[in-house]
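In this document, chain identifiers A, B, C and D correspond to the written order of the chains, with residue numbering beginning at 1 in each.
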Amino acid sequence: MDNESIRVTVWNEGIHEKKNEAVKKVYPEGMHKVIAEHLNKQKGIKAITATLDEPEHGLTDDVLKNTDVIIWWGHAAHEEVKDAIVEKVQKKVLEGMGIIVLHSGHFSKIFRKLMGTSCSLKWREIGEKERLWNLAPDHPITEGIDEYFELEHEEMYGERFDIPTPDKEIFISWFAGGEVFRSGCVWERGYGKVFYFRPGHETYPTYYDKNVLKVITNAVKWMKPRIMKEHTAPCVKPIEKI
Amino acid sequence: MDNESIRVTVWNEGIHEKKNEAVKKVYPEGMHKVIAEHLNKQKGIKAITATLDEPEHGLTDDVLKNTDVIIWWGHAAHEEVKDAIVEKVQKKVLEGMGIIVLHSGHFSKIFRKLMGTSCSLKWREIGEKERLWNLAPDHPITEGIDEYFELEHEEMYGERFDIPTPDKEIFISWFAGGEVFRSGCVWERGYGKVFYFRPGHETYPTYYDKNVLKVITNAVKWMKPRIMKEHTAPCVKPIEKI
Amino acid sequence: MDNESIRVTVWNEGIHEKKNEAVKKVYPEGMHKVIAEHLNKQKGIKAITATLDEPEHGLTDDVLKNTDVIIWWGHAAHEEVKDAIVEKVQKKVLEGMGIIVLHSGHFSKIFRKLMGTSCSLKWREIGEKERLWNLAPDHPITEGIDEYFELEHEEMYGERFDIPTPDKEIFISWFAGGEVFRSGCVWERGYGKVFYFRPGHETYPTYYDKNVLKVITNAVKWMKPRIMKEHTAPCVKPIEKI
Amino acid sequence: MDNESIRVTVWNEGIHEKKNEAVKKVYPEGMHKVIAEHLNKQKGIKAITATLDEPEHGLTDDVLKNTDVIIWWGHAAHEEVKDAIVEKVQKKVLEGMGIIVLHSGHFSKIFRKLMGTSCSLKWREIGEKERLWNLAPDHPITEGIDEYFELEHEEMYGERFDIPTPDKEIFISWFAGGEVFRSGCVWERGYGKVFYFRPGHETYPTYYDKNVLKVITNAVKWMKPRIMKEHTAPCVKPIEKI
């Protein structure tokens, strides 16, 4: 797959943008559109979008078959996502597809399914300052990112974040109100990579921030599947004579 | 909870022992009874049993409330275990309960739910020799275990075992037929500990083996919950002035 | 070793307390004395002290032989610690002894030797507020510790802390000046446990703080060696016929 | 550095090849030459060699400055390698250089320095069969490697291998004599990657094996430094007003 584009599907439940005027003002066509547009400007990436209200939430077998990395944003409608679709997405991740879970996606069915934990956390929405410290300057995800970057106004997420010990921590956030958070974490599940990235409250222009977009773009590139392979449990013959 | 007994519930689907004469011969009352009897001989442990055919699979709210560590054996009837019960068991693990998943339990709903992966593997049932190498002689689980122990006849499980990177590997198995397997692995999920322990095919007297029983007993002691606490996602006030 | 006391040796270079009036005022007999006195008040712990200026830095073969857990504080004189002594301490850790490295001990020879990295970090000494978030409420080290605790005045240590990925993160600190730090981390090396615990600048009464003392005491108890065993590289006979 | 070649230095103590006729017969010019020749046939890789008997063991400041990945083979003369050189190599790894440690290099000063452990293991030299199981088919190191590969005759290394828990296990070996071994492991130290790869006894033609060479080549490509940066411990000003 080396010379082909990375095929990204940006999934958004797409609720807040329709119901909330404040969100509509920031993201008239939805956060997914802003992210996909940015990705489509990058060499070697082709992004499409999918939303909850489409048939099969826009994640048909055909779409999933042609997705290398999926990006997931959800909040108000986690429970409306059909279990059958979630299972398909998980299966595809285990086979090699990358998944970037954004912000309130921490409580999505797919993230909890991949983690096996409650994924609970503390939160507060007063638009305080967040500073993300870069713990992994040598990691592909932080290419072009300084030792930290700031978001002037964000929702706060605070520890304890109930997740399995990450394979690697990429960012830890400092919040003006006094909390900290493991804001960028990676895990492997099956042959697929999982990246949780905290920023992105719907009422702030976070997905226009150049650092946030850079991190997402870097993650997409890093997550390009190396293999895509089903998991089977074969009965095998002995290799040695017994 | 320091001076109280550890309360263990040994769960078994209890199918093979009823339908298969060979299994009935080895475990007339089921594997769960053999394990529970052994545990009940240990100071500080009180074990009960529960099976698939009991109401709520024997895992009522009351039973779960009074369980510190659950042991899980299943194979033929994984899909018959109700999702609602599996969710309760997972919730309890995340709150602090320990879980020991045995042998073919690798494909149980509860183990896959806690791991987030397919948990697939290779297998072969010709009763070959297994040698479990002790990688963690300093870990509570291996107290009294030598640098290795052998099981003369066992089903073979071979890599690649599709699990998340374990927090710690306790045993790696060598099989006469030429395979290897990560036979003892621990993870944390929420406040609970998970221990996967490979041996235990239903047609062999594995759960009478003194080393196997010692490992299970050690694991039970090590998994005694330190806290038992629900996971919540509270909205919190800033600690600092903003 | 179950019914015996845990034998702790609190090591301190003991420089600042002699040369600096401000430090002498806070710790007239040295930080090691304050820590050892607290530990000696705990049931099941017997603590002694050792310092740089004693013969063999107070860490003779006999002292090391009778130490279950060593606590290490150093800053001004890291390079004066003899390599031969450091090697003996490392050997003992690999054999099973626990080691708690405090604050500026991050740059000690023994910590860098156990980590294999530079252990560098950012720092600032203006006595700002530190808040340590408890990421592991189920871990023995945090018994009796709330979801966070504060130190009104401390030196700041900031990321990126150049350490190997910890086996488990216990605390992450928030600093008033805007930084974060992985303030409590555990690793295993050989059969021994390593706990790095950040707080403890010599000009502040940190080692009188009840939470700091509780964490150190908990860590001592948790680090009690389960085995004490030399590492050898034996030539072994085949177990199987070849 | 994206369009430039990866600069590899293959280091060998070069003792056995001179003193032992059996080794000379298999590797007339030394194992380092065979490995370097293979790497030089690969697009995008330029390999040189260095040996113990050269000035500064062939690892001058200039050579290290121009090395992206170092490969290390040693056995008989670990103690003859100068500490000052080992420290320079470690410093370079922490700054970003990759290091592949081969076979008996497990006891080299540089590997023990990076691990912090004794790196001891069991061994036996009767030329038995080794089968390396591929646990990470999605990892760059195993590109083109099947689910396992065999070496008909190799020295045996057996667990317990005294190393820190690897960030990821790539291979586990099965040996005909009954042992298992974590034969391919990766860790990060500073900004550099460490890969330990077990095969390579000097009396067998292991470094002519196509799978062994493929793994080494893949590892070299994967270890290409993303950054090359010194570690410092700066005193920093507060970012926030205090």
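Keep this in mind: contacts are C-beta pairs under 8 Å (C-beta built on N, C-alpha and C of every residue); 3 or more make two chains touch, one makes a residue touch a chain.
The structure presented is a predicted model; accordingly, all values stated were derived computationally and were not measured.
Between the interfaces C-D and A-C, more contacting C-beta pairs are found at C-D. Although chain B and chain C share one sequence, what matters here is the overlap of their interface residues, and that overlap exceeds half of the numbers used.
If each chain is reduced to the centroid of its CA atoms, chain A and chain C end up 37 Å from each other. Taking each chain's centre as the average of its CA atoms, chain C and chain D sit 32 Å apart.
Residue positions of chain B touching 2 or more other chains: 131, 137, 158, 165, 167-168, 176, 178-179, 188, 239-240. Listed in rising order, the residues of chain B touching chain A in the complex are 90-91, 94, 107, 113-118, 120-126, 128, 156, 158, 162, 164-165, 167, 176-179, 187-190, 231-240, 242. Contacts from chain B toward chain C in the complex involve residues 96, 131, 137-140, 143, 167-168, 176, 188, 191-192, 225-227, 229, 239-240.
Taken in their complex, chain D has these residues touching chain B: 131, 133-135, 137, 147, 158-160, 165, 168-169, 172-175, 178-180, 182.
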